[in-house]
Amino acid sequence: MELILVNIIDGLVTGLLLFMLSAGLTLIFSMMGVLNFAHASFYMLGAYFAYQISVALGFWMGLLLAPLIVGVLGAGVERYGLRRVHQYGHVPELIFTFGLALLIEELVQFLWGKNQMPYDVPEVLNFTAFAIAGNSIPAYKIFMIFISISIFIGLLYVLTKTRVGMIIQAALSYPRTVESLGHNVPLIFMGVFGVGTALAGVAGVIAGPVLGTFPGMAFVLGSIVFVTIVIGGLGSLWGALVASLLIGWITTFAKSYNILMSDILNGIGISTPENMSENIFRDLWSITSPQIADILPYILMVLILIFRPAGLFGKRES
Amino acid sequence: MSTPALELKGLKKSFGKAEIIRGIDLSIGKAERHAIIGPNGAGKSTLFNLITARFPPTSGTVKLHGEDLAGLEPYQINRKGLSRSFQITNIFPAMTVFENVRCALLWAQGYRYSFWHLVARSHSLTEGAEAILDQINLLERRNLPAGTLSYAEQRALEIGITIAGGADVIMLDEPTAGMSHSETDYITDLVLKVTEGKTLIMVEHDMGVVFGLADRISVLVYGEIIATNTPELVRADPKVQEAYLGAALEAEH
Amino acid sequence: MTDQITTDPSRPAERMRAGSLSLTVGPWIIAALALLVMPFIFTSNSALTIMNQMWITVIFALAYNMLLGQGGMLSFGHAVYMGLGGFFCMHLMNYIEDYGLAFPLPLLPLFGGLFGMGFAMLIGSFSTSGAGTRFAMISLGVGELIAACSVIIVAFFGGEEGISGDRTYGLPFFGVEFLKQIEVYYLISFWLMLSALLMYLFSRTPVGRMANAVRDNPERAQFLGYSARWVRFYSFCASGFFCGIAGGLFAISYEILTEENLNAASSGVILLVTFLGGVGFFFGPIIGAIAFTLLQTVLGLQTELWAIYVGALFLATVMFFPGGLAGLMMMHVPAYKLGKAGGLVVPYIKTLVPAAIGILGICALIEMIFHYRHGATGDTEMTLFWTTFDSHSILPWIIAAAVALFGIGIARATAPAMKEAWDEANTPGGAS
Amino acid sequence: MKKFTKLGAASALSLIIGASAAFAENIKIAFIDPLSGPFASTGTNGSHQFEFAADYMVNQKGGVLGGTNFEVVSFDNKMSPKESLIQLQVAIDQGIRYVVQGNSSGVANAITEAVEKHNKRNPDSRVLFLNYAAVDPALTNDKCNFWHFRFDANADIKMDALTDVMAQDETMKKVYIIGQDYSFGKAVAASAVENLSAKRPDVEIVGNELHPIGKVKDFTPYSRKIVASGADAIITGNWGADMLGLGKSVIENGFDGPIYTYYAAGSGMTAAFGESAKGRVRLISQGGINPIATEEARATYKAFKEKYPDGNIDQSRIFNVIGMLKTAIEAAGTADDVVAVANELEGMEYDSMWGGKLFMRPQDHQLIQDMNVGVHTDENIEFDYDNSGYGVLTESTVEMAAMDSPTTCKMKRP
C-alpha cells in the first residue's frame, strides 16, 4: 500500500516534468502548426546552460538565467529561422526543426564534450524530505513538484485572465481571424515560441541534476513529448496536463509492478504452450510490464488516434 | 410523373443549438434548371453540403433518382451521378489545367484505382479532357498550373471539372460570385452550354444570371423555403418581395 | 528568385506536365549506362560497397517520396517497411541455406517487397484515413513499437545482434554465385533500374495521378468519385512494396539486419535524404540519396565533426532552397529555355567560388577549435587541406580567419551582381 | 589526427581509391568504433589509448620486424552495424589487415561474420579481428571463428569472478538483478542466477528484471521496487547513461547496499557518481591500476596522462592487444600473412605490465587473465578517473579466471 503512495508521487514528478515540455509544445503546435522536433533540444540546452552557470554563480542563478537564455534563443530561432521557412509549408518547417535538433546535439557535444556533466542537486535540497516504508522521497522531488505546479498555475492565469492570454487563446482556435483583427500575429508567434522553449528550458534546469545532463538527453525525451500532446488533444493545456500525468503514472506503475504477459494471456483463457523454446511466440509470452513500460504511451497514442482522433481534450481533429 | 432527379424531404440541420436548415421539402425534376436564392446566411451553402454529404443531416432524407443517399460518402454520391462545384474555388492548383480535367474523367471512364494503365496512353482520356477544355475555352491554357489562371478562368475550370465526369445532376454553388459583368456573361453562357439536357441546381446571388438560366426558383430564408416557382411568379410573389427580392431588385437597378 | 521556383516543394506543376507524359527514354538509358560503367571507374570493393549502399538508399528514398512528395503523407516510421522486408528476406535466405532450397538469389527482393506491402496493407488499413498529423503520429507510434519489438521479439528480429545469413547458398544464377561485390553490385543495379522505372510509371497511372490530386485537395477528389482514403491506401501499399525491395537488397548486400534497420534514426534519415534531394521532383530523392551517402560515408572518414556540417547543410537547404537540390537544378530550366543560362556562369563563379572558399575557411576554424580543445597535450600538430601546422600558434588562426572573412566578403560584394544576372536571365526577351 | 588529412578533396570516391594505393610502410590497424554520436566518448577514449599504446609500446621502442611502425587508423562506425561493415570494407581496401573494435556486441557480431565471409571469399586479403571489449559469450562459443580473438573476459567469466567475490559476503541474503533488455543484459542475468545459486544457495534472488535499453528517462520506479524488495546487493550489466541513471537513482532513493557491475568507471561516469557512490559501486575489471601493478605500468600511465590530461586508461587491455600483436608479428616474422600471426596468437602466454599472466586459449580464442573486483572510492587512489579524485581501488583478485570454463566453440582452422 505504501508503495502505491510512493509510486503516485514518483509518477507525479515524471508527469509534471513532461507537462512543462508539453505545455510549451502544445501551444506552439496548435498555434503555428509546427511539430517542433527541437523542443527537447531546448530542454537539453536548459540543463547545459544551467550547469555552466551553476559552476560560476550557483544553482539558483542557473534556474533564473538559463530559461531566459533558452527563451531568447528560441525566439531567435523563430524569428530568423522558422519564420522564413513558414512560407514553404509545414513539412519544411518540420524538417527545419529536425535539422535543428541534430545540430543542437552536435553543438552541445562540440562545446561540452560527450561525457555526462557533473551537474548536481544543490546542497540545500540534498536531503531526504520524508520516507515512506523505507523509500525516501528526496526534497528535490518536492521542489520539482512545487516548481511545476507554480508554472502551471502561472500559465493558467496568464492564458485565462490577461489580455495577452485571451489573444493567444483566440489565436489557438482562429489564427486568421485574430490576424485580421489587427493583432501582430508574428510577434505573438515569436513570443509563444520563446515562452514555450523557455518552459522547456526550466524543465531542463530542474531535470538535469536527477535525470543526467548528457548529449543524449534530448533524444531520450524527444518523441514522447509529441505523444503526450497528441494524446491530450492539440492545443489543450488541460489535455497536456492530463496526458502528462497519465503517462507519468502509467509508466511508473508499469515499471513498479511486474505484470507478466503470460499471466494476462492465461487470464483471458489462453493456456501456456507446452514447449516454449520451440514456440515462435515465446518472446511474446515472456514479456513483462517493465520491459514495455516506455512504449506503452505509443500504444496508447495509436489507439487514441484510431478511436478518438481529436485526443482526450482536443476540439480539432489532428 | 416520373421520379424526380433530386428529392428532399424534411431535411434539417443544426449546429449545436442553432438550427440552420429547418425542414426543407423540395423536388427537382429531370433536366430542370433550378436556382436557389436567398439572403446571406439563409443556409444555401449548408443545403448544398447536406445534399452532397459534406455534412450529415440532423434529420430528413435526400433522394437521388429515387434512391436514398443516407449514409453514403461524398465519393459514392458522386459515382451515382451527382457532381458539384464550390463557392470558394476548389481545384487542384498545383496540377495543370489539363490534368485537373483529366482527373475528373478517370472514374467516369472506368479506370477506378488502376495502377496498370498509363494515363498518357489513353486516347479517350486525352480526347475527353480536350473536349471539355474546348467547351470551357481553356484549351490554350492546358499546360499551365491551374493556380496561375485568372479568377474567372479558375471558376470556368471548376465548372469544367464538375461536369467532366458526365454526372446528370450538376450542382453549382455561386458560379459567378465576385465576377465582373463580362466575366459573368461568359460564365452564364458556359453554364447554359455545358448543362444542356442535364439537371442543374445552382445557388446564385446575381439575379440576372438566375432569371436568365433557371426554369424554377426556390427562395430560401432562414433555413426554410418560402416559395418555389417559375421566375416570373417568384418575382411577383409578395412574400418573396417582402423577405428578399425587393431589396435585391432595387439594388440591381 | 522568381515566384514559381521558390514555391512550396510539394508543388509538382513543373514536373509532370500532362501534355508531355510520353515517356522520355533518354534519361533512363543514360542512367542504365552509368550504372553499367561505374564499377569500371571505381573498382575498389569499398567503392562498390558505398555504391551499393547508395542505390539501396535511392530505392528507399524514391519509395518514401511516393508518400511524401506524391501523396502528401509524412511518415516518421518508414524504416519499418524496409526493415521488415529485409528481415523477412534474411529468414528466407537462411531457410534456403538450411534446407538447400533451389531458389535463385536475384528473386529474393521480390519477396521482401511482398512482405513490406503486406505490412503496409495492415497498417494502412487504419492509418490512411487522414493525411496530416494523424497519419504522421500513427506512423511514429507504429515505428517506435516495431523498433521496440526488435529487441523484445528475439525469435524474428534476433535481438540486438540482429540476424545474419549467407547469400551464396542460393541457386547459382547463370553461373553467378554472388561471392563477389561486383556481382552484388549488378544485381542491385538491376533492381534499382526496375524499381525506379516502375515507380515512375506508377506516378503516371490513374491511381498515381489521383495521389497527387488527393495530396493537393482531398475534398475535391472526393467529389470526383475517388475516396481519398483508398487512394492513400494504394500509394501506401505501393510504397511499402518498394521499401521491402530495398530491404531485400540490403539483406543481400550486408548479409545482416539489425535493430538499426527499424529504428527512428533510420526513419529520420530517409526523411532528410528525400528532402535534401527535393520532394517536388521524381528524380529529387535520387540526388538526395547519392549526396547524403557520400556526405555520411566520405565526410565521416575525414572528420569527426561530419554531423555538424550535415546538420548545418540541412538547415541551410530548408531555409534557402526548400525545393532541395533537385529544385535548385530545376530553377535554371526557365533561364536555359530562354537561352540565357550562359550569362549566369560568370556571376556564379564570381560569387560562389569565394563563398565556397569562405565556408572552407570557417570549417577550418571549426576544426582548429575542436583540435585545440579536444586534442592531446603536446599533440599540437594538425593537418588540414594537405597542410600540417601547429594549432597552438597564432598564424594558422589568422590565415583561416582571413580566408573566411575574405571569401565571405567577396561573395557578399558580388551577390547583388549575381542576383541581377539571375533576374536578367529569367526575363524573356532582350538581348540574349 | 590522420583523419583530417584528406578533407576537401575533389572527388569523394576517387579519394577512397587514392587511399588504397597509399604506401604500405606501416603496419596499419583499423580502429572501428563510434567517434560521433551518443557513444562517442567511449570510442574516442579507446582510440586515444590505441594510438598511445602503439606509439609508446612499439614505435618508440624501435617498431617491429626491424623498424616497422604500427599505425592506428580510426574509422567512425557511428555505433551502426551497417556503417561498421562499410568502414571495414574501406579499411580492407586500404590494405589494412588488423581490425580492432569493442563497443557493442551487435557490431562485433556483424564484424566477425563479415570478416569470416570476407576471408573465405578473398583469401588474398584476409584480415584478423581483435576484439578488445565486446563481451557477448557467443563470440567465443557458437559464433567463434579462427579470425576473431577476444582480449576482454566475456560476460560469463566476469560474472563467475564477480560472484566468487560476492559469495564471500556472509551478510548478503537478498540480491536484485536488473539489466538492459538485450542480449548482453540477458546473458548477465542468466549467468548471475546460475553462479549465485551454485555458490550461495542460501541467497535469495528477490528480483530479476530487464528494462528497455537507452530509453529509460527516470529509474525511480525501479529503485522503489529494489528498495521495497529488501535487497542487500544489486547486480547489473548496465553501461553508459543507463548505469549512471540506475546507480544514482537507487542511492538517492534509499538503497544502502553494494552495486555489483561491469561498466561504471571513466568516460565521465566516475566524476558524475562522485561522493554519492563511494564504497557502493563495485566493479569487475582486469589490470591493476590502484594499486598500480608494476613500475612499467606507472610510467606508462603517467606518460599517457601527460599526453591526454583529460583521458583515462580505463581499458588497460588495449595495451595487451598491442603488446600481444607485436609479439605475434615478431614471432611470425611477417605482418602480411595473418594466418601465421593468428597461429602465433593462439595459445600465446604473455606477461602483462598491468599484472598477471595472459593466456590466449586456443580452443575459442578467449584470453584468460586475472580478474579484479574494485570499489569506487577516493581513498588510496593514485590514478583517478575523469580528474575527479575518485577512482577504482582493487579489493580482490581472481587469478586466471575461468581457465577451465567450457566452450561450445568448434574452431575451423584454414
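The first chain written gets the first letter, and so on, giving A, B, C and D; residue counts start at 1 in each chain.
We adopt the following convention: a residue touches a chain if its C-beta (ideal position, glycine included) is under 8 Å from a C-beta of that chain, and two chains touch if they have at least 3 such contacts.
Keep in mind that what you see is a predicted model, and the values were worked out from it rather than measured.
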Q: Assuming chain C simply isn't there, give the groups of remaining chains that still touch in a chain of contacts.
A: A, D | B
**Q.** Pair joined by more contacting C-beta pairs (C-D or A-C)
**A.** C-D
Q | Chain whose Cα centroid lies at the greatest distance from that of chain B | A | D
**Q.** Where chain B and chain D are represented by their mean Cα positions, the distance between them in whole Å
**A.** 75
Q. When the centre of a chain is set as the mean of its C-alpha atoms, what distance in Å lies between chain C and chain D?
A. 36
Q: With chain centres taken as the means of their Cα atoms, state the distance from chain A to chain C in Å.
A: 31
Q. Approximately how many whole Å separate the CA-defined centres of chain B and chain C?
A. 44
Q.
Multi-chain contacts only, two chains or more: what residues does chain C have there?
A. 8, 10, 148, 152, 305, 307, 374
Q) Multi-chain contacts in chain B: which residues touch at least two other chains? A) none
(Q) I need the residues of chain A touching at least two other chains; which ones are they? (A) 113, 291-292, 294-295
Q) Got a list of which chains touch which? A) A-C, A-D, B-C, C-D
Q) Of all residues in chain C, which touch chain A in the complex? A) 8-10, 68, 74, 76, 126, 130, 132-134, 136-138, 140-142, 144-145, 148, 152-156, 264, 268, 271-272, 275, 279, 305, 307-308, 310-312, 314-315, 318-319, 322, 366, 370, 374
Q. Along chain A, where are the residues that touch chain C in the complex?
A. 35, 81, 84-85, 88-89, 91-92, 94-96, 98-100, 102-103, 106-107, 110, 113, 223, 226-227, 230, 234, 280-284, 287, 291-292, 294-295, 298-299, 301-302, 305-306, 309, 317-318
Q) Okay, in this complex, where on chain D does chain A touch? A) 36, 38, 40-41, 44, 181, 209-212, 214-218, 220-222, 224-225, 227-228, 241, 244-245, 248-249, 252-254, 267-269, 271-272, 274, 386, 388
**Q.** Residues of chain D touching chain C in the complex
**A.** 1-8, 12-17, 20, 35-37, 40, 44, 48, 75-76, 78, 80-83, 85-87, 89-90, 92-93, 104-106, 109-110, 113-114, 117, 121, 136, 138, 181-184, 212-213, 215, 306-309, 311
Q) Inside the complex, what are the residues of chain A that reach chain D? A) 3, 6-7, 10, 13-14, 109, 113-118, 120, 128, 131, 133-136, 138, 210-212, 214-216, 219-221, 224, 251-253, 255-256, 258, 288, 290-295
